[in-house]
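Before we start, here is the structure in question, set down as structure tokens.
For clarity, chains are labelled A, B, C and D in written order, and residue numbers in each chain start from 1.
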Amino acid sequence: MGEVTLKPKVIFKVPIIAETITPDNFARKSIEEIAKLEVWEGNRKVTLGELFEIAGTPGETPTDTKIIIEGDVRKVRRIGYKMTDGQILIKGPVGMYLGEKMEGGKIIVEGDADSWVGTGMKGGQIEIKGNAGDYIGAPYRGDTKGMKKGTIIIHGNAGNEIGCWMRGGTIIVKGNVGAFPGIHMKKGTILVEGDCAGRCGAMMKGGKIAVLGHIPSILPRFTFDEIKKSFKLKKEKIKGPFYLFTGDLNENGAGKLYVSIEKNKHLQFYEKYLE
Amino acid sequence: MELLIKNGYVYDPINKIDGEKMDIAVKDGKIVESVSSSAKVIDATNMLVMPGGVDIHSHIAGSKVNSGRILRPEDHYKDVKPRTAITRAEVGHTVPSTYTIGYRYARLGYTTVIEAASPPLKTRHTHEELNDIPLIDKSCYLVLDNNWIVLDYLSQGEINKCAAFIAWILKALKGYAIKIVNPGGVELWGWGKNVESLDDQVPPFDITPREIIRGLCKVNKILNLPHTIHVHTNNLGKPGNYRTTIETMDAVGDLANGRPNIHITHVQFCGYAGYSWITLRSGAPEIAKYVNNHPHVTIDLGQIVFGEATTMTGDGPFQYILHNLTGNKWKNADVEAEGSAGIVPYKYRRKNMVNAIQWSIGLELALLIKDPWRLFLTTDHPNAGPFTEYPRVIAWLMSTKAREKTMEKINKRAKKRGVLASIDREYTFYEIAIITRAATAKALNLENKGHLGVGADADISIYNINPMEIDPSKEYKKVRRALKRAAYTIKGGEIIVKDGEIVKSFIGETFWVKPTMSKDLEREVLKEVSEKFKEYYTVSLENYVIGESELASSKPITVKTNF
Amino acid sequence: MIKVILITGRSLDQGISKELGKFSKEYMEKVAICELDPEDLKTLGVSPGQNVKVKTKYGEVIIKAIESTQAPHKGIAFIPYGPWASILMPPATESTGMPSLKGVEATIEPATDEEILDPKKLIKMIVGREP
Amino acid sequence: MRTISNVVCPFCGSLCDDIEVDVEDNRIVKVRRGCAISVTKFTKYNEERIYKPRINGKEVSLEEAIDEAVKILANAKYPALYGWSSTSTEAINIGVEIAELIGGVMDNTASVCHGPTIIGEQDAGISTCTLGQVKNRADLIIYWGCNPVHAHPRHMARYSAASKGRFIKGRKERKVIVVDVRKTHTAKTADIFIQVKPNSDYELLTALRWAVKNGELEQEEISGIPAEKIEELADMLISCRFGALFFGLGLTMSAGKARNIEAAVALVRELNNYTKFVMMPMRGHFNVTGANEVMAWATGFPFAVDFSRGYPFYNPGDTTFVDVLTRGDCDAALIVASDPVSGFPAEAIRNLAKIPVITLDHHETLTTTISKVVIPTTVVGIETEGSAYRMDAVPLRLKKLVEPPPGIPSDEEVLKMILKKLKERVK
């Protein structure tokens, strides 16, 4: 496995658009060639070498190329843009649009990630050890084509509208999430192990969401179906029990919403619909 | 500045020039007999030379177009081009920015474009956008058929006062012609309703769509306006609507005197036979038959091109129907006392039977209507597709092979719903020059446009194909590629495009009509209009009027009326 | 001390005084205020015209409490748009561009002997240097 | 003394155009038909006025101030241009060209006002109209999360609840409903007042939409409103002939933001199956709509446009001014006709104070006190004419009523000077 390490030469102030930091762009290149790859520092076109110390030798193909980024790159955006394979390890916090339009390979972030992780993602895997921002896997405004395939795992908390317009793939948040997870969702799976700020699955047409923690209320247009013992996530079965809701009926949606019974005693009144 | 275009094969139908090898001399923005030896020379040997394109119907400026831009950021993300030293940044696919529209038309070799529908109350916005569209000369039609003051006058039979009001409004708001959009239907859309036929009542006005169309046709004659009434028919986009279209044409047949007196726009959208979407069939043969036998009618195509589009019309009720059909996001914006506007993003798919039939209807109309002088090429940009696809439509018209290739890829059932497969007519370069330059300039009565005779504006397009050697039927791809990026576009004697790239940018002229009218007739009508304004409108009459200084480059055309 | 939901917004006086100048006496009078429901005022033990300290997770400010003429809105405090309101607001916009200027949890406690900072002092407090 | 009539008022989004002013030796001495705010603006615009350009508090010539501004903007790697909503459309258009030339990020005050309305519309569309349609036809009006009595004082009389039109003769022929968290002065004029719990408009809009569609609601109470009341409201909305929903920052600023608007759009769209229904945002500044219009026709996007890579990129939350400031992304700022320091969260103000700021305004603001370069400009609509767009996107022409103080240029003139000098430096 070839390895290339990037280390910021300075603390970045203006946004850095670094679409070229991908195994696909690094494979088969010398360090000098990598250093010449173009990035944007605000409104200036600069080379990677001007902003980063670069060391190591990449693999022959993206598959066997690993990029390690040390230091604080919270201002560096679009790392992993359209990558098809290989790995990126980011040791500190990272900026927006991490892994945008990603098709394969794996990105691991040890710090926090900003918003729009995995925008327009088509495959591959992103794992954020820290917290993440809003709109995980969501498309840009006005576009209805969200995340298609792939997996995003966030160990910390995430913000609002994760999985917006989702069309497939899986998002797992071990911590809490903000409001509107799975809004406009068509397909795919969202698992929230922590609490959710509410309005879960608004306008959803399909797909399934599970919330293991507390949720303040269920949107008016989700009907209570039944109590389920577990929630199927790929091969794994997550133990319930869960209240299962279907919605969003305002959109004639058939999305499935699993809400942990144990953490949501205040939703008990729904059980009267069981008789 | 002197220019000499040497040895090109010139197609100038207004002057009956059909592919003659000749020189074109240009001096101070005009075509001249000859120029001095110091003139800059363009060697157009083995190249196709035509007058600059004239687009008679395109949604390029104003509140409707801008609503489309704001509604569809997704239309802009993937279609961007950074700024250069000469050009502003370009953005947008079906609803491009103002600068992008000017540059793209120039690259196609088009030099005059008309905004197809501007509600009077928002025409100041239309002009502010037209001011920001570089290079092309331009104007706008005012939507007047659902205007309360017009409807008041017409329903009271006051044709002369209606004519005086329309003369005033064209002058006050700097418009060019009378635009009619689903007459009566859009007024009822103010209550969420619509009309079904030409003879429905339009309460509270005691009037029908037929009477609105006839009234405005008479007004057009009284005012002697350069262009005829420009009509978007009732029942647009509805299966079986070809009958309404023929009835609409026929409604003013008796008022004509040899010259055309009605233009039906984007006829593809109103050329549907059958009675439901499943039974949809082409109504083109019937419409073509009528047009061939009635010289008082001109039409433009509204040809479908497969792919992304943004439907935007003043026909509010139709856009709501389209929203319910597709579920796509819908924007509606009614205008007090004047009309409406609706926008719905749409994608034409080859495998969709309805889209495939719509595609063939447009081409059937073009191929079945014999007189190219009464038929204009449009895609009702961006309703049936962006104007940048004109070369693709031209390839379909010039080559049966191009049509067959597309027919192989479209929904199979569509073939039996029309007659396209049986038509083998192929347009010549001469005919293409007619339907994209000459006929449109004539229909607009722009005497200095659409031709290369001495005295005309020096708007010229030169394409890198040899019309004498190429066989458009077989090498339609080459034709398409050559027409997409002009080798040279010259506007007002200045070279603005070279090999498909913008080499110079400036602002063209906005032309508008100034119908002559006696002072006291104007004063009398204005007295009544200002009373109505207080009740109908939320702006004062004074602030409704647009000053000539608000136009970046104003070119008024005085029109001698027949009051 | 009472817990409230804080909302900010326009008011006629805020519109008028803004035009008289952001450093005018009127502006401070009309904008450095907190309109409270009469019941909340009672439980707070403050009479209209006295100063209170409003605190949120993001900041605190001294402003004048007045009795709302647009009650009842128990548990809701209204502060007109302006520098005194915006100090209390969260910087996060939840990736929408819009900070949450309405519906923020806050506490209000009497501060009758504390002084309302004028705009210049406010800026100094926020920015840490003399404007 | 001369009287000027049909004057367009340059304060709020109502853009009333029936104001009459008397002018005597270059001063406005009388204002007729304007509301209290309008009268104040027309007569007090010279309060705390700036008469000389300043650099770091020191008075300088216009030439020096412009050169300093050009130097700052040309050297910045990520300059931000903000404000725009209280100047002419022509000036904003020059601003767009400057932003494109220097590769800056340009945003207008919509991002902290009705930006969420635009974002909601971009996902769901909207059914709207010009104000005259409401005046002429509306027999049912809802004011949701807005307080026109305070923010748009003449709106109800000129355009909505109390206006007189062709088919509706006045307030008596209309049903007025107010939904708000407080019983506002506007609510006190309403036939029905619905006191919704803060941050729960989304649930109420969703429930109302379902009640319109099917009648019955499962829950007894939603957002503090009993289910029967919601069903009763739904019946009222269905049975009107022409309904209009005016909404304000109660929806765009509270929890849900753009999604509240999307829920309102879905409700109004649903109602169009039964009757005619429209909705309209109560835009605040007199030309914030104009800022959206001109930025959209020139760049394809209505606000928050980033030109750093030479072409427009738009993503609220990334390219919006509060976020750009809070993250400390921009290294210079040009503020035109706006006072962000009096309205932004503290974190954003702190970062703004760390970078060179150029401010164009006619009077002192909190922003001018932290600006490196201050260039006084004229008051659009009083000393300079220009185009502006009303809250319903109707374009009007602001008038020039009096001469500005000697030597004070308009925003447009200053921006043109800056653009000209920038073109010489930036190729």
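One rule holds for everything that comes next: a residue touches a chain if its C-beta (ideal position, glycine included) is under 8 Å from a C-beta of that chain, and two chains touch if they have at least 3 such contacts.
Just so you know, these numbers come straight off a predicted model, no measurement behind them.
> Using the contact definition given at the top, which chains are in touch with both chain C and chain D?
A
> More contacting C-beta pairs: A-D or B-D?
Greater number of contacting C-beta pairs: B-D.
> Looking at mean CA positions, which chain is nearest the middle of everything shown?
D
> Taking the mean of the CA coordinates per chain, how far is chain A from chain D in Å?
Computed from C-alpha means, the inter-chain centre distance equals 34 Å.
> Between chain B and chain C, what's the gap in Å when you average each chain's C-alpha atoms?
It comes to 56 Å between the two C-alpha centres.
> If you average the Cα atoms of chain A and of chain B to get two centres, how far apart are those centres in Å?
Distance between chain centres: 46 Å.
> Specify, in ascending order, the residues of chain D that touch 2 or more different other chains.
If we look for residues of chain D contacting two or more partner chains, we find 119, 122-123, 255, 307, 309-310, 314, 316-318.
> Touching at least two other chains at once: which residues of chain C meet that condition?
94-95 - these are the residues of chain C that touch more than one other chain.
> Give the residues of chain A touching no fewer than two other chains, as numbers and ranges.
Residues 115-116, 134-135, 140-142, 144 of chain A touch two or more partner chains.
> For each chain, which other chains does it touch, given as pairs?
Pairwise, the chains that meet the contact rule are A-B, A-C, A-D, B-D, C-D.
> Which of the residues in chain A come into contact with chain B in the complex?
Within the complex, chain A contacts chain B at residues 139-144.
> Quick check: in the complex, which residue numbers of chain D touch chain C?
Of all residues in chain D, those touching chain C are 11-12, 36-37, 40-41, 44-45, 47-48, 107, 111-112, 115-116, 119, 147, 149-151, 153, 181-185, 187-188, 195, 198-199, 249-250, 252-255, 257-258, 284, 303-304, 316-318, 320-323, 326, 339, 341-350, 353, 363-366, 369-370.
> Quick one: which bits of chain B touch chain A in the complex? Just the residue numbers, please.
71-75, 77
> Going by the contact rule at the top, pick out the chain C residues touching chain D in the complex.
5, 7-12, 15-16, 19-24, 58-59, 68-73, 76, 78, 81-83, 86-87, 89-103, 119-120, 122-123, 126-129, 131
> Write out the stretch or stretches of chain A touching chain C in their complex.
Against chain C, chain A makes touches at 115-116, 133-135, 159-160, 178.
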